[in-house]
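Multiple structures follow.
Two complexes come next, and they have one chain in common, subunit A, joined by subunit B in the first and subunit C in the second.
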Partner chain A sequence: MATFPVLSTMANGISVFRTWMDAIGDNLANLNTVRSTDEAAFQARYVVAEAVDYGSAGVSGVGTGSRVAGIEYGSAEGRLVHQPDHPLADEDGMVRMPDIDMATQMTQLIQAQRGYQANLAVVDRARDAYLAALQIGK
Partner chain B sequence: MPIESIAAAAASGFTPMTALADTATTGAAAGTSGAGGANGFGDAIVGALDDLSATHNNVDVLATKAATGQLPDVHDYTIAAAEASLATELTVAVRNKAVEAFQSIMNMPL
Partner chain C sequence: MPDVTTAGLHVALNGLSARQRVIADNIANLETPEFLAGRVDFESSLSAALSGDNPASAEITTERSMAATGVNGNNVNLDEETLALIETDLRYQVTSQAISSKFALLRTAIGRGY
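Coming up: the complex of A and B.
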């Protein structure tokens, strides 16, 4: 839709931040996912974003937002923790915990939330601006 | 949708107003098919109404998805709805300007 391009641009951006929040939610939900030492640990999810039309943008030279380029995975090795009474513990009493730092995830959650809100703010301002333009000559 | 019937009426009713074609093509940028140039105001407004109708259909599809729990992104619906309402306002503004111009001509003292 070419009439109100900023709206679809922001929709793309909001989707990226929503995916980021989903990934953080997944990471936090699996913070205590314990695996035995002969399995891979739960791997943290990292969202990779990329610009749409970057470099070869449209007529105005402005791209049309961002999109999720893919998901990268964190360490499969995780952290080895000594928990001898755990049912999954090996003969040395070790289990594998995911290598996810809760503080980092919470910081990223705030960033994702603020990014989401910033994109929504642009939608609001653009709508106000378009409506003001429609009032010309009334 | 009632928009199609308006489009049909516009196609027959507004065709003589070719003098307004230039204003209409710049004003009714919503109509990609109608913004071709010397097609006349009628074609321009029909193109704009077709696009408007498509935008509203898209909103209806998303609204159905939201109601049936198949909408992955809430903002997809709300942004599409905002876009549709803006497009409607733009089309109405263009129409009002055209009617205004027509009435100024009709009220010209002879």
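Coming up: the complex of A and C.
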């Protein structure tokens, strides 16, 4: 076990939420990425989290945070948009745009940010408790 | 063998530290699908052990919360966890101060009263 187990647990949690925010940032940045119709559309990234040591009895069944289990991809089909003046447009004047809903992404961004902040707040608290432990007997 | 006070405070400190780890784990898994929040109990066991002779026999138990889950099967409640974290942190500080006071008494008894 780590010397300060809460801190390593929080490091795991923080990295999951940061990965999530990175994925959303990438999704939003590619909201209007145009491809030609014979190519796949930009696929949104969805971060899948899983618990570490969940239910396995490490120290009295205490898990050690979360980690990124994998990335799921959104629709490669996207949606076809009529833009005849676009250089990538096919003979029917269609281009392929990613099928990403901005409202959903923004909502998830807030969720990810809230989770990130909650994890950081725990680090502050844990630090106080560890400092108190270091003062025992002084 | 340590006296009742030191042994009891020791169990409390261990229990609070386990609770802190569980809360940390809960918050790290705030959005993890199918994750059930962990709960730590040592108070009931400690109070039973203190009324007996051996506070060190108190046990720290961890179980999963059976509270209602959201659509993703997760039941971590951030408000609840944050409050529990603050409370646990303050109690940890109080308990560690109590242990320090106990040691200060012992130090006085052995003639180094500063």
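Basically, the second predicted complex is superposed on the first by the 135 of 138 C-alpha atoms of A that agree within 3 Å, B and C clash if a C-alpha of one lies under 4 Å from a C-alpha of the other, contacts with A are read in each partner's own complex, and residues count from 1 in each chain.
Methods note: a residue touches a chain if its C-beta (ideal position, glycine included) is under 8 Å from a C-beta of that chain, and two chains touch if they have at least 3 such contacts.
From a predicted model like this one, the values you see are computed outputs, not experimental measurements.
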Look at A:Phe4 in the shared chain and tell me whether it touches subunit B only, subunit C only, both, or neither; answer first, second, both or neither. first
Go through the superposed model and pick first if A:Val62 touches only subunit B, second if only subunit C, both, or neither. second
Greater subunit A contact set [subunit C / subunit B]: C
What is the contact status of A:Arg114 with respect to subunit B (first) and subunit C (second): first, second, both, or neither? second
Looking at the overlay, what does A:Arg18 touch: subunit B (first), subunit C (second), both, or neither? first
Looking at A:Val122 after the superposition, I want to know if it touches subunit B, subunit C, both of them or none. Which is it: first, second, both, neither? second
Partner chain in contact with A:Ile71 - subunit B first, subunit C second, else both or neither: neither
Overlap of subunit B and subunit C contacts on subunit A, residues 10, 137
Along subunit B, where are the residues that touch subunit A in the complex? 29-30, 32, 55, 73, 75-76, 79, 82-83, 86-87, 89-90, 93, 97
What does subunit A use to touch subunit C in their complex? 5-6, 9-10, 12-13, 16-17, 20, 48-51, 54-55, 59-66, 111-112, 114-115, 118-119, 121-122, 125-126, 128-129, 132-133, 135-138
Please output the residues of subunit A touching subunit B within their complex, sorted ascending. 1-4, 7-8, 10-11, 14-15, 18, 120, 123, 127, 130-131, 134, 137
Given the complex with subunit A, which residues does subunit C contribute to the contact? 13, 16-18, 20-25, 27-33, 35, 38, 40, 60-64, 78, 81-82, 85-86, 88-89, 92-93, 96-97, 99-100, 103
